[in-house]
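These are the structures, in C-alpha cells.
The following pair of complexes shares a single chain, subunit A, combined with subunit B in the former and subunit C in the latter.
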Partner chain A sequence: MKTVAILTVCLCGSLFLFCTMEFPNWGDPAAPASMHLSPYFIQNAEKDAAVPNIVTAVLADYRGYDTMFETAVIFAAGLACFFLLRTFTRKRRNERLFRHIPTGIVLNIKAGGKIPDDPSKFERIDSHWTPNDLIIKTTCRLIIPSIQLFALYVIAHGHHSPGGGFQGGVILGASFILLAISTDLRSTVRRLSERTSAIMASAGVLIYAGTGLLCLLLGSVFLDYGALAPVLRSGSVMARSHGILIVEIGVGLAVMAVMIWLYYNISSAGKHDEGL
Partner chain B sequence: MMNDLITMIAAKYNYWAFIVLMMIGLYAMIVKKNLVKKIIGMNIFQTSIILFYISVGAKESATIPIIAHGHQEGVIQATAYINPLPHVLMLTAIVVSVATLGVALALAIRVYNQYRTLEEDDIQSQINQI
Partner chain C sequence: MVWQLDIIILTLVIISGIAAITIKDLLGASVLFGAYSFLMCLLWAIMGAVDVAFTEASVGAGVSTVLFVAAVFQTTRRSKD
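Presenting the complex of A and B:
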C-alpha cells in the first residue's frame, strides 16, 4: 500500500513538475492570468464603486453572487456540525467539582451530595481541569477587547486597507474562542449562547441576501448596489460603496457566529457542558 | 546550459515548493490510517493550492491591489498593482477550507463515538465483525 502510494505521489509530482516548464515565470507581469480580466478590475474598481481596495470591490460587487453563496456555505457548515454533533440528552454526572474561590480548595461532590449554592464563593469547574492561572486570566482580559476592537476596524476599514467581512469576522470569532479557552466553555456560552450565535449567523446571510433583494425591488438586478442610491441618499457610485459595507457587515456577522458555533460544538462534542 | 538551468530554477522555484507541499498532503491522505492525520493532509493540500494561486497573481515591481492615495484622477496602470482576482478567489477558498475542516472534524467525532477509535484498520475490522 505504502509503495503504491509513494509511486502515485512521485508520478503525480513529476508530472506537475514537468508541466511547470510551460508556466509563466514568478512575478511575470505578462502572465496570462494577469492579462484578461484583472486589468479591467484594476482600472475601473475605483470609478465604479469608489472603493480603493480592489479586492473588496471584486469580492462584494463584481463577484457578489460568489461571496453570497460563500456565506451560505459557511452557514451550512455551522448547521451541519450542529446536526451531526449536538446532543440534548443531559447525562447525570455522578460527581461534580466545585472550587472555593477564596482558598482555591476543590471539592468533589458525589451524586446526591449537597451542591454549594453561593456562586460568589464557589465556582463549578470541569473534571479535566487545570487551575486558571492569574497571568492567563489577566492577559486575556486585557487583550480580548483589543482583539475585538481591531476586528471591528478590519471590517469597517476594508474599503481602504486590507480587510473586510471574512477577515474581521474570523478575528471577532477568535476573540470569543480565546475567552472560552482561557476561562471555560460554560461561562462563554453564558455570555453568548448558542441560540444567539445561530440567530447571528442566519442574520448575516439574511443581510447579504436582503440587500440583493432590495436592489431587485428598487428596479435593478440582484446585488446591483447602485439601485440603493435613493434609499442611502447618495450618488449611485457612493451607493455601491455603502452597499459593499452593508454586505461586509453581514458577512462579518455570519462568519463570527459560525466560528463560535463550530467551536462550541466541536470542542465539547456537542454536549456544551465541558469544553477543552 | 548551466546558466539556463539556474535562471529556470530561479524563475520557477515557487511552483516546485507548492508541488512538494501538495504531494505531502496527497501522501498523507492516501497512506495515513488515522482520520485526523488524513484531515491534516487535506488541509496541507488546500494550503498549497492557496499559495499557488497567490503566487500566480504576483507581478514584479507592483504593489498590493489598493489604489494609492484613494480617489485619484487619471489612468491607472494595470502593471502597477498585482492581480486582485486570485486574492479574491483564495479569500473564499480559505473560508471553504475552514468550513470543510469543521465538518470533517465533526464527522471524525461521530466516528469516534461510534467505534471508540480513529484508526482506519480498527474501524474496518469492527465493521467486518458485524
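Presenting the complex of A and C:
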C-alpha cells in the first residue's frame, strides 16, 4: 500500500513538473498576465483609488469579492472549529492546583475538597505548567502593547506599505495568543471572552459585506466604493481609498477574532479551562 | 537577487519539507513546518512579493505553528505510522 502511495505521489509530482514547463518564465514581460492585466493595474491603481500599494488596491478594490469571500471562509473555519470542538459539559477535574500568592506554596485540592475562595490570596494554576515565571510575565507585559500597536499600524498603513487587514489581524490575534501562553487561558478568556470574539468575527464580515451593500443602496454596483463619496464627503477617488480602509478594518477584526477563537478551542480541547 | 542565496534557501525549503513529513515526533514536525513557512517567506521576499511574504510570516510561521503545537499538546506527540 505504501509503495502504491509513493508511486502515485511521484507520478503526480512529475506530471506537475512537466506541466510547469509550459508556464511562462518568472517575470517574463511577454507572459499573458504581464501583457493584459498588470499594465492596467500599474497605470490606473493610483489614478482610480489613490493607493500607492497596487497589491492592496487589487485585493480590496478590483478583486473585492475575492477578499470578501476569503474573510467569510476564515469566519467559517472559526465556526467549524467551534462546532467540532466546543464542549459545554462541566465535568469536574479530579484535582485542582491553587497557588498561595504571598508564599508561593501550591495546594493540590482533590475532588470534593474545599476550593479556596479568596481570589486576592489564591490563584488557580494549570496542572501542566506550574512555575511562576516573573521574567516571562514581565517581558510579555512589555512586548504585547508594542505588538498590538504594530498590528494597528499594519492595518492602517496598508495603502502605502506591505500589509493590510489579514496580516494586521493575525498579528493582533497573535498578541492575545501570546498573553494566553505567558499567563494562562482563563485570565485571557476573562479579558476577551468567547462571546466577544464571536461577535467581533461576525462584525468584521458584516462590515465588509455591509460596505458593499451600502454601495449598492447608494445606486452603484456591489463593492464599488466610489459610490460612498456623498457619505464620506470626499471625491470619488478618495472615497475608494477610504472604502479600502473600512474594508481592511473589517477584515482585520474578523481575522483577529477568529485566530483567538481558534486558539481558545484548540489549546483547551473545547473546554476553555486549561490551555497551553 | 543573488542566485546562490536563492539556491541555498530553496534547498533548505525542500529539506525541511521532507523532514516535516518523515519525522515521527509530531512536535518536531510542527516546528519544522514553522521553519518551512519562514523559509518560504524569505523566498517570496527575494522574489519581490512582499505582501505574500508578510502573510506567510505572520500566518504560516506565527499563528499556525502555535495552533499545531496546541493540537499536539491536546492529542499525542507520537505519530501512529
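One rule holds in what follows: the second predicted complex is superposed on the first by the 269 of 276 C-alpha atoms of A that agree within 3 Å, B and C clash if a C-alpha of one lies under 4 Å from a C-alpha of the other, contacts with A are read in each partner's own complex, and residues count from 1 in each chain.
In the analysis below, a residue touches a chain if its C-beta (ideal position, glycine included) is under 8 Å from a C-beta of that chain, and two chains touch if they have at least 3 such contacts.
From a predicted model like this one, the values you see are computed outputs, not experimental measurements.
By the touch criterion defined above, A:147 lies against neither subunit B nor subunit C after alignment on the C-alpha atoms of chain A.
Touch criterion not met for A:206: it reaches neither subunit B nor subunit C.
Shared-chain residue A:136: touches no atom of subunit B or subunit C.
One of subunit B and subunit C touches more residues of subunit A, and that partner is B. In the superposed pair of complexes, A:156 makes contact with neither subunit B nor subunit C. Once chain A of one complex is fitted onto chain A of the other, the partner contacts of A:38 are limited to subunit B, with no touch recorded for subunit C.
In the superposed model, A:66 lies in contact with subunit B only, and not with subunit C. Using the contact criterion defined above for the overlaid structures, shared-chain residue A:177 touches subunit C, although it does not reach subunit B.
In the superposed model, A:218 lies in contact with neither subunit B nor subunit C. On subunit A, the surface touched by subunit B in one complex and the surface touched by subunit C in the other have residues 26, 53, 55, 162, 164, 166, 170, 259, 262, 266, 269 in common. Contacts from subunit A toward subunit B in the complex involve residues 1-2, 5-6, 8-10, 12-13, 16-17, 20-21, 23-29, 31, 33-34, 37-39, 41-43, 45-46, 50, 52-55, 58-59, 63, 66-67, 70, 73-74, 76-78, 80-81, 84-85, 160-162, 164, 166, 170, 255, 258-259, 262, 265-266, 269-270.
In the complex of the two chains, the subunit A residues touching subunit C come out as 26, 53, 55-56, 162-164, 166-167, 170-171, 173-174, 177, 181, 259, 262-263, 266-269, 275-276. Residue ranges of subunit B in contact with subunit A, taken from their complex: 11-16, 19-20, 22-23, 26-27, 30-31, 55-60, 62, 64-67, 70-72, 75-76, 78-79, 81, 83-88, 91-92, 94-96, 98-100, 102-103, 105-107, 109-110, 113.
Within the complex formed with subunit A, the subunit C residues making contact are 47, 50-51, 53-55, 58-59, 62-63, 66-67, 69-71, 73-74.
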